[in-house]
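Several structures are given next for inspection.
Across the two complexes that follow, chain A remains constant while its partner is chain B and subsequently chain C.
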Partner chain A sequence: MSKGGIKDKVAIIGADMSKFGERWDKNQYDLLVEATEGAFKDAGITKDEVDAAWVGIFYYFTGLSGTLVEDALRLDGKPVTRCENYCASGMDAFRNACFGVASGAYDIALACGVEKLMDEGGSGLPGFKIFGHPIYPLPSAPAMFCMAATRCMHEYGWTKEDLARVAVKNHENGLHHPKAHFKSPVTIEQVMKAPMIADPLGRFDCCAMSDGSAALIITVPELAESYAHSDDYILVKSNAISVYTMAPWYWPSYDFTHFPATVKACEMAYKEANITNPRKEIDLAEVHDCFTITELLNCQDLQFCDRGKAVEELKKGTFNWDGETAINPSGGLKSFGHPIGATGCRMITEITKQLQGRAEGRQVPNAKIGLAHNLGGAFSVCSVTILGKNE
Partner chain B sequence: MSKGGIKDKVAIIGADMSKFGERWDKNQYDLLVEATEGAFKDAGITKDEVDAAWVGIFYYFTGLSGTLVEDALRLDGKPVTRCENYCASGMDAFRNACFGVASGAYDIALACGVEKLMDEGGSGLPGFKIFGHPIYPLPSAPAMFCMAATRCMHEYGWTKEDLARVAVKNHENGLHHPKAHFKSPVTIEQVMKAPMIADPLGRFDCCAMSDGSAALIITVPELAESYAHSDDYILVKSNAISVYTMAPWYWPSYDFTHFPATVKACEMAYKEANITNPRKEIDLAEVHDCFTITELLNCQDLQFCDRGKAVEELKKGTFNWDGETAINPSGGLKSFGHPIGATGCRMITEITKQLQGRAEGRQVPNAKIGLAHNLGGAFSVCSVTILGKNE
Partner chain C sequence: MIGIKSYGAYLPKNLLSRNLISKAWDFPAIPGSKAIAGIDEDTITMSVEAGLDCMLGIDPKTVDGLFFATTTQVYTEKDSASLIATVLDLRENIITIDFTDSLKAGTTAMTRAIDTIKANNDVKSILVIAADTRTPEPSTMWEYGFADGAAAILIADDDKLPISIEDYYSISANTTGPWKRTEQDKFIRTFEPKTDAQFYFNSMRNVILELLKRNDLKPYEIGHAALYYDNPRMHARLAKSLKFPQGVAQNGLFFQIGDLGTPMPFMLLISALKRPKPDAKIILAGYGNGADGILMQVKDKNMVKELNKTHVALGYQKNMEALDNYSIYISNKKLLDKDRYTRKSSAVIVWRETDSIYQMYGNKCKECGLIQYPRMFTSCFKCRTTNNFEKVKLQLKGTIFTYTLDHLIGGEYYETPVPRCVIDLDGGGRILLDMTEIKNPENNVKIGMRVELTFRRIHEGAEFINYYWKCRPKRGRS
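Here is the complex of A and B:
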């Protein structure tokens, strides 16, 4: 990060998401329409007012290029860019849309994300069996994160039951979200007894395969007052992406108890947003919980608690929807699944609704500053977006 | 395009490309290093001075995410975004890098592109046999463009020999470029007698499979004077992307003699750059010549001549390296092949060198304003970048 930044230069004036789940009823075009229609309506604009669009799509079989957006929305030849950054694809699309607006190139931009996983017969998340890597052999995602889990059990004394508490919390939160894929609570016992995926991660320690889409409409603050959320548009405080390396766990020195990309990305994001005490200043965060262990370690790396203390804080209720720092009040990837390109935009949509006081049934009290976070690849890529109320 | 734009807000301070060709000697990491090393040296910076990077990669088997750039260059956790927009991937990476700099977020950005096609055993260009499309059946690229060729033969009376003249011109130009894949001239007779690929397009009407990489270093003009090209940094006059639709040739009304995406993109680019008479004001252009017919039609759509007149102008020498509007003075995709993610950045690199008067052996006289153009997908996506001398 250089001396600059775009703090307070971009405003979110509309946001919405599709219903997440096994959407056999819609293809990726219709999913995108479902989310964008809602976002346009939320902003009080028509699609013709969009000057440019950015879309996060991870899998080539969901779609290539910006043509998916054009064919779905008929933007009549306007610019559309596809961003791909593993699990940070959607949030990186949002980040680049922010630069497009903040640079003065465009007045109104659409940032969206979509992924259609069901039709491909569950190719696996993240489907490394397709992509491989020219140099590194790569295991599946559960196999990567289970190593972090076992290491934390050794280093911190965490137990499988401790991990289960993350699943219980997030599924309880998801009950209250109308768009969540899973709206059933789970007990610690159910999580402990679930079929093993990659020891110690069982089925409920892992996020599911889902379809979904989410969309945001952004503009400069000077214009934001002309639209539907003239009083409560949300300001972008910072965007950060950190791309650390393909596979930190090939380093002989890697300790498997932190994610360097998260540490680096939030440093950049906090600096840009002038956040000096995240634990106190961040009211809520949507944190990448592809696995239960992942949420815990990211909470530490995001400085919401000290290293080794995430389970202790979880047990104390610090991360509950009404705790000091609400983590995944939406229900997270555990409740929504992980349609990769959509997730980052879904998180930003959730933070937006929370800050606007429109998170019916799951409202985090006194939400003023919120953070969205994704971790992608083989612990490689992290995106962090910080949003704040317009006041 | 809204009321804004980024004309003159971004300066190119360094540019270079790898040798293009069948690079069995290097993988995509090393190709990227080859281009970026040259660009860093050209700018007089070290890689540590880069604040953020953008990379154009089309095929997932070349690389996913920004991790390819990080692993090749070791940027120590800095932001890297992968842009994918079919054949406009590299130029869209450049465009987004420009927004990052113009927004004030970053001082120095790297925009690059790379593609490694040889190791995949020639999966085909653009490899639609892999990707398919959820709705439209898609033929190969030669099969798509041959339809435009036959239609132009019917509408305009163009002949196979006319198309051959494009190949002759471009291969003659490529002779003089040290980094070209093909450095052999071809005769009209050779082109006419070449094996048929998709009637009337023969082997020399089609660009080849190649590996390659190209990189640009950009900053704001205020800082450009601190670097190696303090006197002759190049200004970005406009960037435009038009995403029209997946396949215009499914429209019953489509005439197969123009590319709507090119028409739309250059309208936006000319407006932003204040170009009102492209034929007079654009001194040189790198125009997407994936096939001979493609260059001709794009010249018309870019307003370098009237519809139906491209062959006439070609024969008159208008598009020669020393003609009124030099088209593909580098030798184009015909001489360089088309490593998809790299091509747009290669074109911008070429225009940069030309405007700086550093195109040894192929210098276009009095080059002041240059244009780079890509057409991608099923006639779907077009990118146009206009550069100008700093004066």
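Here is the complex of A and C:
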């Protein structure tokens, strides 16, 4: 890694998200306006103060290029770039925006993400007819992660009930979030009896299809002090992305019990943020929980516990909202759904609010360092962002 | 000497009991069952299976031609033989041709293969494959007969062969029945079944009598007679009229697997050779707008027995499974109107990646030796060296490392959920394949399970038929 890095060079001065859910009556422009207006207001700026924008969008039908931001906000020809990096699209937009301000090229940047999934109908992620190679098999998204679940059950002896506990925890957390898609608790029995999507994952093991958007306003710390959050702007401690193969099923000897991209990205992020004991130092984390198995393996790969021990720690309450390392205190993808381009920015927004002590009803006590994590594709792309209070 | 060097066969996994047909339509009961192709099978995929069986232990690069016979070709413009030859990894400088439109296309292809070898010094062997998937009109008596399968025979010029070909003779007869018009007809039609039977009797009898006469043979000198038939009663009448001794003209197959169409004479021959009589004369006869008769002789009984031992027994006949109900059959035959799923495809990609997609070649890293798949990836998974691979043939069998049962599927499948299996191939290479021919996958798919690769239809993206490999629980391919 180069000597440069991003640590303490970027400040978040505004953050907000739209309501997540089946937003039938709103389009992608509406959602983006909902999120960005909140963020502008939070920062105490107008859109005209934005110098450049990056937007995370996964699907072509949500919008190609940066024009979606222009057509929603009319930034009068300012630079806008669309970022696509699977489920890490939103967080990668944020990462690129960070470079934009840290380099000195721009004073204020907008990092946002949006996805309008529900216009395509509701049975699984759309687009699989046109993705990728025309001949080689393409499993559904849950099927990809199930390959890891099957192997973990074999290696670690985890059960379907163990996986269900992740869903129960995250649904419980989501109850307290005003912007969540689902605000309903589920029981272990409900999770286990739900219709199967891809064996062994049932409907409640999978995150839902949702619409949503989130937005962040960033600048450099020197300038942050002249905006609304002059006392409690949030600092970017590190920002890493790791990319591995789209087709791990062809990777000889790959064990399917860890996600190499998560391991690599957090290694980079911890080094830059100077974190040596993640479990102790990180107070809360928004961890990619597209499927229940994903959260468990990510907790291990992020070094919140040893390999094979995630279920044991989950049962002990380590990952509860008030546990040693709060995992998905917002309710995670399980409660918000996964409008792909929006999710990364939604997580960073959540961590920002928590560190500012403004996470009403779900505030993790005394949160100083938080982590946001996305894992996309077939565990191919992982982004990790670490944020800290300005102390 | 020109003769048969090897043979192989393929029967699909499914058997439909005739009982289910008679129950469905309240028809008089007929005993037995018939072989039914899966929804991901057609004459091309079944021919690949029969070809793989036939070519066991033989270098595909030594074969000089592939003649394919069927009445149910997948395309009417674009041949099937070239695709089958490609998947079987035959050379490029060979002769490929489709013989179609008559049920005797199999035996006709065989006689033309013999001629081609005779006429060309540089053509030493030709693989003849016949396959059919004739769909009978539901609720007709055809439904009792028409069955699916494939058989392959390798004709060669060699000093030592298990079976020699002595003579052959053909007649042509313009009989109207049965037929199927190119544009108008979805199903085979006929004018009058009784005259069809008479046409069959006349052509078959005449061709065999002439073959006996030309070779100065008496009926009792024939050891095995593999005579095409679609009606067991007519077959018995024919054998009796030709004065073949009891047991010479075998007739059990119709009851066991049905009327396979063009591969039927080959299947009868392979079945008869299960118990080869030493030095026996053999008559093989095909029928359809005339007839072909081929006279052969067992030259080396032990070589025949060796073929039987190493190859799967009559196209996995022992390893078939009865369908639970008639509706699965109707659905597999696409006789129900359903929306069909199409993924995008590209004829260019399929052509560019033929060795990886069809022929199952992988890459071996010249730096670290790791064998990997597919060939489109340009850097090694392990040592990360770029573009430093040699092409290696992967094995068509392996062990499941992990899997899932996918309910979120689009497309035509044998059964859902679809097992998506990560497989470590024997000898190296890891691959993702869908599993076919699996009942109750929840209980029957396991980590560590042994599987075989089988060539199947996968979808009709870009409006052509896209084929790829799937895996199946071991059926016993050697």
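Annotations
Just so we're on the same page, the second predicted complex is superposed on the first by the 382 of 391 C-alpha atoms of A that agree within 3 Å, B and C clash if a C-alpha of one lies under 4 Å from a C-alpha of the other, contacts with A are read in each partner's own complex, and residues count from 1 in each chain.
The definition used in the following text is that contacts are C-beta pairs under 8 Å (C-beta built on N, C-alpha and C of every residue); 3 or more make two chains touch, one makes a residue touch a chain.
Everything quoted here is computed from the prediction, not taken from an experiment.
By the touch criterion defined above, A:Thr245 lies against chain B and chain C together after alignment on the C-alpha atoms of chain A.
By the touch criterion stated above, A:Asn27 is placed in contact with chain B alone, chain C being left untouched. Once chain A of one complex is fitted onto chain A of the other, the partner contacts of A:Val69 are limited to chain B, with no touch recorded for chain C. Once the two complexes are overlaid on the shared chain, A:Pro139 sits against chain C while remaining clear of chain B. Which of chain B and chain C touches more residues of chain A is settled by the count: it is B. In the superposition on chain A, A:Asp107 makes contact with chain B only, not with chain C.
130, 134, 245 are the residues of chain A that lie in the contact sets of both chain B and chain C, per the superposition on chain A.
Looking at the complex, you find that chain B touches chain A at residues 1-6, 9, 27-28, 51-52, 60-61, 64-67, 69-71, 74-75, 77-86, 88, 92, 95-96, 98-100, 102-108, 119, 130-131, 134, 239-246, 260-261, 264-265, 268, 376-377, 380-381. Of all the residues in chain A, the ones that touch chain C in their complex are 123-124, 128-130, 133-143, 146-151, 154, 195-201, 245, 247, 249-254, 256.
Contact residues of chain C toward chain A in the complex are 341-346, 349-350, 353, 357, 370-374, 376-377, 381-382, 401-410, 417, 420, 422, 424, 428-434, 441-442, 447, 458, 461-462, 466, 468.
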